[in-house]
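Please read through the structure below; I'll follow up with questions.
Chains: A, B, C, D and E, in written order; residue numbering restarts at 1 for each.
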Amino acid sequence: MTVTYTADVSSRKFISNFLRLLFRWRGSIYKLMWVDLIVFVTIYAILAFIYRVCLNNSLRYGFEYAVMYCNSQLNLIPLSFVMGYFVAIVMTRWWAQYTTIPWPDSIATLISCSVHGFDDRARAMRRTIMRYVCLCQTIVFTMISPSVKKRFPTYNQIIEAGLLQENEKQIIETLDLAFPHYPKHWMPIVWAASIVMRARRENKIRDDYAVKTIIDELNRFRGLCGFLLYYDWVSVPLVYTQVVTLATYTFFLCSIIGSQWIDNPQSPTASNLVVKYFPILSILRFFFYMGWLKVAESLINPFGEDDDDFEVNWMIDRNLTVSYLIVDEMHQEHPELLKDQYWD
Amino acid sequence: MTVTYTADVSSRKFISNFLRLLFRWRGSIYKLMWVDLIVFVTIYAILAFIYRVCLNNSLRYGFEYAVMYCNSQLNLIPLSFVMGYFVAIVMTRWWAQYTTIPWPDSIATLISCSVHGFDDRARAMRRTIMRYVCLCQTIVFTMISPSVKKRFPTYNQIIEAGLLQENEKQIIETLDLAFPHYPKHWMPIVWAASIVMRARRENKIRDDYAVKTIIDELNRFRGLCGFLLYYDWVSVPLVYTQVVTLATYTFFLCSIIGSQWIDNPQSPTASNLVVKYFPILSILRFFFYMGWLKVAESLINPFGEDDDDFEVNWMIDRNLTVSYLIVDEMHQEHPELLKDQYWD
Amino acid sequence: MTVTYTADVSSRKFISNFLRLLFRWRGSIYKLMWVDLIVFVTIYAILAFIYRVCLNNSLRYGFEYAVMYCNSQLNLIPLSFVMGYFVAIVMTRWWAQYTTIPWPDSIATLISCSVHGFDDRARAMRRTIMRYVCLCQTIVFTMISPSVKKRFPTYNQIIEAGLLQENEKQIIETLDLAFPHYPKHWMPIVWAASIVMRARRENKIRDDYAVKTIIDELNRFRGLCGFLLYYDWVSVPLVYTQVVTLATYTFFLCSIIGSQWIDNPQSPTASNLVVKYFPILSILRFFFYMGWLKVAESLINPFGEDDDDFEVNWMIDRNLTVSYLIVDEMHQEHPELLKDQYWD
Amino acid sequence: MTVTYTADVSSRKFISNFLRLLFRWRGSIYKLMWVDLIVFVTIYAILAFIYRVCLNNSLRYGFEYAVMYCNSQLNLIPLSFVMGYFVAIVMTRWWAQYTTIPWPDSIATLISCSVHGFDDRARAMRRTIMRYVCLCQTIVFTMISPSVKKRFPTYNQIIEAGLLQENEKQIIETLDLAFPHYPKHWMPIVWAASIVMRARRENKIRDDYAVKTIIDELNRFRGLCGFLLYYDWVSVPLVYTQVVTLATYTFFLCSIIGSQWIDNPQSPTASNLVVKYFPILSILRFFFYMGWLKVAESLINPFGEDDDDFEVNWMIDRNLTVSYLIVDEMHQEHPELLKDQYWD
Amino acid sequence: MTVTYTADVSSRKFISNFLRLLFRWRGSIYKLMWVDLIVFVTIYAILAFIYRVCLNNSLRYGFEYAVMYCNSQLNLIPLSFVMGYFVAIVMTRWWAQYTTIPWPDSIATLISCSVHGFDDRARAMRRTIMRYVCLCQTIVFTMISPSVKKRFPTYNQIIEAGLLQENEKQIIETLDLAFPHYPKHWMPIVWAASIVMRARRENKIRDDYAVKTIIDELNRFRGLCGFLLYYDWVSVPLVYTQVVTLATYTFFLCSIIGSQWIDNPQSPTASNLVVKYFPILSILRFFFYMGWLKVAESLINPFGEDDDDFEVNWMIDRNLTVSYLIVDEMHQEHPELLKDQYWD
């Protein structure tokens, strides 16, 4: 479920709004990072303990060399640079996916305006077209979202949800056998287009112009659904993700070693007791860089089950309900026309 | 209310235009930051006082270690980098939201051109359609803007403003009960579409083509309103905001400590009396980074009540007034056709 | 007037093209900066003179401390970073505003093709519609461009330019009194739409389709004009501009002090006579950063009177002339149809 | 074949998702880089061996000077900066090319809805139009993708695949002789448009509006195919690619020399045994920068045969199959209209 | 002529693809830079010679001071930053201009489908409309591209190329006299629109809908041509180009001096013989930054005669040929309709 916080930061308060955001748990950086943080601190502490207690002199020298070496090399990988670019790319894709999700409202309005008649056949046409539109979206979501897949593991659950009929399922399964390698999300849209053509022949749609507009909208809907699939097929190239991940974890191995306090005159902090006992800034730096990587990790697939992911199951229910409402209950209904307050 | 200053910087003057902008208070960085600045300076002064007056020698050593440690670590978090990316993202969203706000002018022009007739029924149709369009926008604004919510806490205030009728309110409230989890901003648009269809049946609209164009525009208007909602639901991910906020405040804790003057030969500024008494540059650096964060803070929700936020209440009034003006007073009126100055 | 130089850099020459661009004055960085440069050099020289001649020893120490302090802090504000982002934002807006300016050519072509008839009434209709389109743009320009405002301080000058008639002015002024807070640039477009509807009723436009297309184009034109207004109302947030300006000028105060030559063994350049007498690189650095700020300053309002601003007055004249040419002189005229050179 | 991994990173797991991505081989950074890595390590080892074993004192001094010189100059080229910009440009182009690939589904739906009749002639028309659409795409792919070129080296293989007929091949070859310098991918689209016009004349398409819509879609398809060609013709300018490549390889020559351990008191790591025997961080830095360059290298032409390239051959087969399915098997068929689960 | 190299980098080879790109001359960085490189090396050598041979001691001190001063100031101008932004802006504009160039293919397809008749008059209409479209583009190219201007210095050469007729030239020249300050590229498009209207009146175009679509496309073509002009009129602001050029050349003056080897104990490289005799890295750094500037220089006007510029002359020929081919030779022709390979 998405984490919404804009209402908390709408206006300037005496205390900074962003400061107050730090005290949240759901969708927070703490929730994403506490495991990594514990791992980091533990390894740091173990290394410090070994160095200060267990090692003999020659091993200590080796350890001190390693610390100084890591410390000097720490800034040679421009981690902030590559992370910045990577997170920017991931965020752009994340938002683009959000805006790609199609909503059936315009099609419902068009269908309600264009397919005339209050008899059962006209109602069935209107409702079936909208059902097919929602079905197309649902099939795509089962392919890209594990949480939707969990809700609809097979076509039977989609039937139970009222999005599919038994006879339709058989047609899809026949074609699934014939062409197993191609996704079938476009089939309900083609059916919907055929129903539109039939409605035109039965004169339930009264002009060719409306037919054209509806077909265009159906095609647009299918196109957006297809785009969601392409986003799923072609993600940020694996090489890029690997390079960034390797760079971050390398940085932290160096960081764990390089920020150890050592009792060596070549170390500038050798006599600094604060460094010896409270290496708080090394931990904060870890927190910062790893947090940045976690931002990327939680956004790279926005259809998952993270706190920050889109509420696709809610969308599926909402779309079917609102579609039926528009094309059936509210079909060509509107409140009585009254003179408004500013009339003359 | 938005802060406009382009008129002041339109042309080059002898004195730099930007310099003159520094002497503004409304919407200024000083207004946003004076609290934080006072807090910073106070803590800085208290620490300096404690160090110079209260501490015994061993505590002074500890303090000096802490100062040297913080000072050396200050640049290890690439704050400018991550702030730059974050502010860029926030500004992009801020401008995108501004350009997403729909204006009813094109619908009004279309309605005025397409719905013919000067009788009361035709007038009521034109006015009601425009009222529904403005109502849709107002409902969306009550959901995303605290200042509009304050103006219209319930439907009753919307009725008083002349945007809603009593009978319409009852329909919406019935549906609010039936489907409490779905926003209802699209309902007035569906009603408007139904009125358009009725106007077509009563031959007040004379061709199917105009119907199609109006429905398209209504759908586009509803789509943009929906987009404003999506911007509200899915903001910059909380993790990112938290990471940036944490980084900035960590930086400043370090900065308050690390830029203290200490009387220690290891400190390069130990004998520098300017540093000792006028640490002005540390304060300016604080001003700079915190100012950058404040830019992000004031832009992340542009529908709030900050100086820099959009004037949504003005928009609501303007849209209803101008809509009525176009579809009613100015309906198919134009000045007499005269020969212009360059005629032959 | 815009500064065009692409013709000079179209192809590689023996001497670098960009080098030759340095010897221009109009629209150049020298013209923008000479005042600031003189101020900088003067203050620098005065400080150097004071230090070297006027001060006694203890004041010299103070001055030297200040120099060393400023010098060490100079790089702590990431000026290049924040300037880079800021200039990028300003340039994006600047180009977006340029591409937002609407041109009436497509409307003129449509009107010429759709409004038939060579009688005075048809001609008047075609010319008046185009005049209203140009008028809408001119009204918007008077609101955003000081140079256009100077040319048309009141409606009377617009009448003199042949863009407005006396009776139209009275209608606008009446509405200005009734609704003083709303801009009125959309009124001529609504009139133009009404004339189009009248032309349809008088069968000067022969199909509903053409009406629809013209109304769409008129709406698009009005929308773009409105967008120019929004760019003017909502500029880069004042806080951001202030932060950048403050950072730059702070940097230069530090720079003036920090790059002074001092006769102190702690200074690495104490014995360097080049630094003592020719601090040329400090001046170049000033030139560079301040030049970057000037780029932003000259682009933030592209409708002003800078060398680099858009030639809006030229546009107003050109648009009216070309519009009349297309809808009147060239109306449904074309050269005789001949067989071309490659015929068979 | 594209490497898909989003399903692995959809939701937060106990162990970081990105860490698990490191253990992949197909499309991985290891597969791209192992040759370069071996070359780097080998040269590094040879140099180290020569220095430590083979050189006499004066040559050792020379080597040490070279090492210190390279080490000090290593950071003077802002490699991360220029690489970041370059990779950003390449990735933008890569994704833009992916989204430019046109899909024939909308044309198929339109043809199926608009070209009526179940007789052989109508079927042939529908199938031939879709075949021409797929043929246009295939011809473009043979021009930009080596793997498609390998599959269809001449027109004969395209005939065998059922995308072209013998008589059509002869027409194309005639024109290829007449105008050898112009690509011919637009010819099938022009034929398809001619068939549409014939279908209109034979009244298989019943209104001009449908004709217009289909012609528009055909033009859009041709336009996107043309765009794929432009991406191929005008790549990232060669100068830019050369500058980046030169900078990277220069950096690594310096890096191989500059990160050598030397037994010289001027070297800060002279006594550090870790540096002497385990120069692991230099290798990681190489890995990181070269990996970044490899990201650019594998994305600059996304129609090649790398692991990460688009599956164009799959697309060609899929498009023909699905097109025939929509316009023929499913032509104006849809499941029986039934009352759905939520009916009243 | 554009330099195409994507075919060389389509797939991963054993040896890095990018490495092989380094061995190209046409459009290469070497070709752009050899003059500058020779100048740089020569000045560097002269300075080194003067210092080592000609100077007496006091002048040597002065020179050494200058070297140390330049060396210490070298990194104070963030050249990589400002260059990165500048090149990014230039590349964005360069690609945008490429995609702005309009192609007449869609208009040709529409004309071929809509203007019926095989008689001479219909043929002349189709051919003349397309000729006007190509003429509009050619006129624009003569205004922005020196190589096209060289090919068509006056209207007579355009007549010889078959794009213009004598009578049309006279009309244009009359208007050129009347309105010398406005470009006339839109005139052929207005003529083309008039021919379309005449074809409608003579019933060669059979429905208003086709007329509307063609007018829209003509307007779009004219709009894109106009956009090419705007790109030419308003380039990257001169101030920005000057700032970047100044910064780069300043950097190199400093670099030539600052990277000189000096025999001074304060210089860290005083005893380094590699620096003394092989200052190869300074040269590479020059190569890198200057190369970056050259990228910008060769892209800022893509219609020139550089190796990397667009082949506008080829486009002019191709467009006329293909246009005639589509509207005349291939007019409503298509291969015989046959059953395809997968029929049943």
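We adopt the following convention: a residue touches a chain if its C-beta (ideal position, glycine included) is under 8 Å from a C-beta of that chain, and two chains touch if they have at least 3 such contacts.
Just so it is clear, the model here is predicted, and its values are computed rather than measured.
**Q** Determine the shortest chain-contact distance, in steps, between chain A and chain D.
**A** 1
**Q** Mind checking the rotation angle between the two copies, chain C and chain D? C-alpha superposition, nearest 5 degrees is fine.
**A** When the C-alpha atoms are superposed, chain C turns by 145 degrees onto chain D.
**Q** Since chain D and chain E are copies that touch, just let me know if over half of their interface numbering is common to both, same, or not, different.
**A** Shared-number fraction below one half, so different.
**Q** Whole-Å distance, chain A centre to chain B centre, using C-alpha means?
**A** Here chain A and chain B have centroids separated by 24 Å.
**Q** How many angstrom lie between the CA centroids of chain A and chain C, rounded to a whole number?
**A** Those two chain centres are 39 Å apart.
**Q** In chain B, which residues are in touch with two or more of the other chains?
**A** 32, 81, 84, 209, 298
**Q** Could you draw the chains as nodes, link the ones that touch, and say if you get a line, ring, star, complete or other?
**A** Graph shape here is a ring: one loop, exactly two partners per chain.
**Q** For a quick check of the interface rule, what order do the chains take around the ring, beginning at chain A and passing next to chain D?
**A** The ring, traversed starting at chain A in the chain D direction, is A, D, E, C, B.
**Q** Once bound in the complex, which stretches of chain A touch chain B?
**A** Interface residues on the chain A side: 2-7, 9-12, 14, 16-19, 21-22, 24, 27-29, 32, 80-81, 84, 87-88, 91, 94-95, 98-99, 103, 105-106, 109-110, 112-113, 206-207, 209-210, 213, 268-269, 272-275, 281-282, 284-285, 287-288, 291-292, 294-295, 298-299, 308, 310, 314, 318, 321-322, 325-326, 330, 332-343.
**Q** Using the touch rule from the top, collect the residues of chain B that touch chain A in their complex.
**A** Result: residues 32, 35-36, 61-62, 65-66, 68-70, 72-73, 76-78, 81-82, 84-85, 89, 120-121, 124-125, 127-128, 131, 144-146, 162, 165, 167-168, 171, 175, 179, 181-182, 186-187, 189-198, 208-209, 211-212, 215-216, 218-219, 222-223, 226-227, 230, 232-235, 237-247, 249-250, 254, 293, 296-298, 300-301, 303-306, 309, 324 of chain B touch chain A.
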